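In this document, chain identifiers A, B and C correspond to the written order of the chains, with residue numbering beginning at 1 in each.
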Amino acid sequence: MAARTRWFLFFATLLALLPALPVPEFWITQLNYIGLYATVSLGLVLLTGVAGLTSFGQAAFVGVGAYTAAFLSVNYQISPWLTVFIGLAITVAVALVLAAVTLKMSGHYLPLATMAWGLSLYYTMSNMDWLGKYDGILGVPAMTLFGLSLASGRSYFYLIWVVALLAAVGVVHLLDSRTGRAIRALKGGVTMAEAMGISTYRYKVLVFVLAAMLASISGWLFAHFQRTVNPSPFALGKGIEYLFMAVLGGVGNVWGAFTGAALVKVIEEQLQDWLPRLFGASGNYETIVFGVVLVIVLKYAPEGLWPHVEKLFARFLPSRQRVRDWADAAPLPERSKPQRGELLLDVDRVRKQFGGLVAVNDVSFQIRTGDIVGLIGPNGAGKSTTFNLVSGVLSKTSGRVRFRGEDVSALSSREIARRGLSRTFQHVKMLPDMTVLENVALGGYLRSSAGTVQAMLRLDRAEERQLLREAERQLVRIGMQDQMHELAGNLALGPARMMEIARALCTDPALLLLDEPAAGLRHKEKQALATVLRQLKGEGMSLLLVEHDMDFVMNLTDRIVVMEFGTKLIEGTPAEVQASPVVRAAYLGTEH
Amino acid sequence: MKLTKTLLALAALWAAGAAQADINIGISLPLTGPANGLGIPMQKGIGLWPASIGGEKLNVVVLDDGSDPTKGVQNAKRFVTEKMDIVMGSAATPVAIAMSDTVAEAATPHFMFSPAVLQAGKDSWAFRLPQSNAVMSHAMLKHMSKLGVKTVGFLGYTDAYGESWLKDFQAEAAAMGVPIKVIATERFARTDTAVTAQALKLTSANPDAVLIVASGSGAAMPHKAIIERGYKGKVYQTHAAATRDLMRIGGKDVEGAYVVSGPCVIAEQLPDAHPSKKVAIDFVQKFEKANGPGSRNQFAGHAHDAALVLEKIIPMALKKAKPGTPEFRAALKDATETMGRTVVSHGVLTYSKDNHWGFTTETGVILKVVNGDWKVE
Amino acid sequence: MDFSIASILALDGVTNGAVYALLATATVLLFAVTRVIFIPQGEFVAYGALTLAVLQTGQVPGTVWLLLIMAAVAAVVEAVDGLRQRRPVGLVAKGAVLTLAVPLVIATVAMVAAPMNLPLVVQALLTLAIVTPLGGLTYRLAYESLADATVLVLLIVSVGVHFALTGVGLLFFGAEGYRNPSFWDERFNAGPLMLTGQTVIIFLASAALIVLLWLFFERSLYGKALRATAVNRLGARLMGISTVQAGRLSFTMAAFIGALSGLLIGPTTTVFYDSGFLIGLKGFVAAVFGGLASYPMALVGALGVGLLESFGSFWASSFKEVIVFTSILPVLLWRSLRDPHTEED
């Protein structure tokens, strides 16, 4: 059993034994609150740390869960074991509505929106007569489990921590799956994810709803713990505090949520005791410390404290080497490949205008199966723009693109990827915190289907093994299998570009678009790249590549398309292009 | 720190063998937040409590609940898990109500510093130290009918304090048979910074008198708003506003306002026959010696009264059980219910098994704000 | 609702809107120069009002101590930095002295002047003098080293600063509320409306400040230079614009505007140590309406928020906050879709 799993079980057992021991009641109460807060922070780790969507409004969802539980159990005597599902249903509905508004926003507008609806929900809950307005709902009954009362702190402890740990395990499982990779691809930009066929909007909504559900469950537990529910714990201040817990603990890591919640609760308690004594006046001065600590953490330890804890215990926690258990997995189904010589890509007078600037001026060319075509031209010729038009990243002003006979002009990059067109990027877009193998497995997204629930319950292992086997196969194809378990962020530029190619290959494409694959590579690396590309061509892969390195292009391609100022100059074999005076003029200028 | 303290305390108890046990009292007060004008004077009043009663040392723990029911419940939970003998608080009505369930479940006597109305049957362990809104309404209504007021406009908190005042006021008016009706009702939140719209609606209804139900320094804002709208009728405030903060913030605008209060605030102006005169003067002198002249306060008076009650019930309970035991807590409850007529600075308290309010209708006094000071009407 | 009530509500809304406009301009100003979304702007407002209130009672306000503490910390941090970078000791010492000089002078003046019960206007000026330097010091301590971070990180830092300043406000001013005397006690009647002198001052001050800021940033070279630092820090520095000075100056200006707003609203409402947050938030809503870039739009947004609040509280008084904060969502959405946004990789 892996060392990490052993440690996890050890701590879980410790926690399970704790209420039975004669520890002070104070500890139990503290741990109860820590469990409640950690559940919410867990959602934030997923939402903010992994997916990159900062939210200040999670406290409002806690309120939705808490009020549902309180209202239904006090007024209609509905059992808490039912109200949790009703609460979750309401939360999901509210989350979907808010997601539709919030997630279309980008950059800093998104967290501002979360602040806005966080405040809005808070004031709504505070002013509803039937929710008791600012006084709230009193007399929420204690929970019972098969007749056993869970009223005491010690018995409730079990419920809270079972829920918290199950949620944590679920999230850990989720992140190590097809869905998890898609979620991790959300951070830092959607272009790459969309090009791999991932519907980024759908996953943003998914993560948003998951985080809301976690907050709602925490609220349900909270209501039956506090036995009264009033609006103040669901205000914006608390929402900020949850984010603070996640950031302090380590917003990118599941265990960071627990670390942060524990630290904040314990420190808060001590500060509430000591600061008023220090200042000689009563009041909640711990906010001063929290504010200062938050700024310091952001300045000096933006990854939070959990990574430092991990480093401290590195001796006991050997790095997680993925166990290679996929050798016997069945291969993934492959798409039908076109015949050699068949018309693969037909670019027909595509045009892109940015206002008055014509970036791509009615460019046309064709690619047949088995060709390697190069797209060259001086800087600013519009090569990458053409690439983006063909792959669906940019919308066309006019013109058509046909891929394997189908008109794909109006399709998004996601849809085009699904049809067998894959690409790499001018600036390598990869996920530095995932291993090389996992990055490449991201390319297999479209070829697999396991969903969120399956991932969390670990029912997707069979398909996952297939995916990883396929990813390894692609790495072998380009000769990088030795670096399989290396963190992608540690790779030099050359290997990183190769990894991107492997990822693109993992989508099982009929046509591969490579955007300056040799840029920034050293001589040996370029040779290796050329070997790989020739090998791919030998296997029947069609390639379209943009390049600046003339040697590289001339020695590799069958045909070359030359562009200048958005217009196609000529198209021909490398020899024809080299001899052409028009091309020479474009690159070197005319003779006077 | 908490752990070490607890461990040491446990060890000490073990070693000393339950010889001398402290009486532990946990108090939750709104020292910050909108109701801090009630909590801070109470804390000062508690500072003047005796160090021991009946030979046992008083171990008083005061926690801030920030006028927030959630924090109040957390404080209450802390108190009952540490097996406090008595829980007191809060001064803010919604907080006191929220705390009551937790304290009642732990079978601990709960002395509330606000006139909190609990659901029927839920107040077996809860006793109120301030006068009930009904009792104060009685005094107010008497004064109103003396001045010929027929219509009243209500401008109060949207929370339990405001709602219960509205209900009790109307109920008391009906019970007294006076022809006083509430013709306009406006509400605002404790945290609101302006009530222009509400003031507008009230002044256009033009009642004979306006009743403002707010507490502490928050009572000045609605008052000023009414005056700024040009309202020329009489303005009444409740006993939660009987504090100098009203004049400090309200300034000229609160001149001539009528505030119902307990007798302790104007101790010297009480007639000699008033039962509380001596106790009230004693309180005022003690308090102003420690906190400066003119610092006397309705709420500090409640804190002082709490000590007087404790001085009566603790010796009674000590005869039956030891501190720290459930029997002691039950004995305290019985003692409070049977302690009989107890003269305190705010009047005469008589709790009984069915009446956990204590004060009779004689306790309310109407004060008028004259030149920034109180004058008995 | 008849015309007289509507006009009273409108006046109320526009008066509040004028104060929100001041805060909105400060927010836009800060974002335009430093890309910081400064949530704690409201705290400067509260500090302004409360500092004057404490001066009125003849005591030294806590903000003076805050000023000294922040100046001391800034001086120490800079000195440590300078020594670590092996700069000449004389230069480091000079820097420390410069940092401490102005705050020390202001603090001394305040401590001397506080019990002297000077006229209201003088105390108001003293308040401005005490609170304004806090802005530059806040920038130095919290934001300067993170100046190149993403807007998001700066936003979270702002949240941290807000927490800290609110707590410090509680510490220095206590939990009680204060109300300042009005600067101008006159009352003017215009039909059903009653304008107080204070309202007139609010309008005049807001209008003057907005016009001045607009002129400064749109028409003067220095103002444009400041804006350049937000667009491209490196480019600005290459042009000889000190981005550090730009940041400090803009924060100082924002603190000035905040303190001024505090002086203006002090007489109209009871100010507590935490009143600033909601006020600042509403000013922020108005700023977002202007896309965090346009002053005139921010002014329109501010008046809109004030009127929305005023009429909203007449029709559904308990839901006025819900109305204000829900209405910002479509504005944010509109702005987000309109303003081009590049992926921050």
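In this section, a residue touches a chain if its C-beta (ideal position, glycine included) is under 8 Å from a C-beta of that chain, and two chains touch if they have at least 3 such contacts.
As the structure is a prediction and not an experimental result, all values here were calculated from the model.
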Practice problem: State the pair with the higher C-beta contact count; candidates are A-B and B-C. | Solution: A-B
Quiz item: Of the chains shown, whose Cα mean is nearest the mean of all protein Cα atoms?
Solution: C
Quiz item: If you average the CA atoms of chain A and of chain C, how far apart do the two points sit, in angstrom?
Solution: 37
Self-check item: Chain centre separation in whole Å, for chain B relative to chain A (CA means)
Solution: 54
Quiz item: In whole angstrom, how far does the Cα centroid of chain B sit from the Cα centroid of chain C?
Solution: 39
Quiz item: On chain A, where are the residues touching two or more other chains?
Solution: 127, 133, 283-284
Quiz item: Which chain C residues sit where two or more other chains touch them?
Solution: 170, 175, 318
Quiz prompt | For chain B, residues contacting two or more additional chains | solution = 31-32, 40, 158, 189
Quiz item: Can you list the chain B residues touching chain C in their complex?
Solution: 31-33, 36-37, 40, 158, 186-189, 193-198, 200-201, 204, 217-218, 220-221, 230, 245, 249, 251
Quiz prompt | Sites on chain C touched by chain A in the complex | solution = 37, 142, 145-146, 149, 151-153, 155-157, 159-168, 170-171, 174-175, 281, 285, 288, 318-319, 321-322, 325-326, 328-330, 332-333, 335-337, 341, 343-345
Quiz item: Which bits of chain A are touching chain B when the two form their complex?
Solution: 24-27, 29, 126-127, 133-136, 138-139, 151, 153, 226-228, 230, 232-233, 269-270, 273, 276, 282-284
Quiz item: What part of chain C is in contact with chain B in the complex they form?
Solution: 5, 8-9, 12, 16, 170, 175-179, 181, 194, 268-270, 275, 278, 310, 313-314, 317-318
Exercise. Mind listing the chain B positions that touch chain A in their complex?
Key: 1-3, 6-7, 31-32, 40, 43, 62, 64, 66, 68-71, 73-74, 77-78, 81-82, 94, 97-98, 101-102, 105, 119, 122, 158-160, 189-190
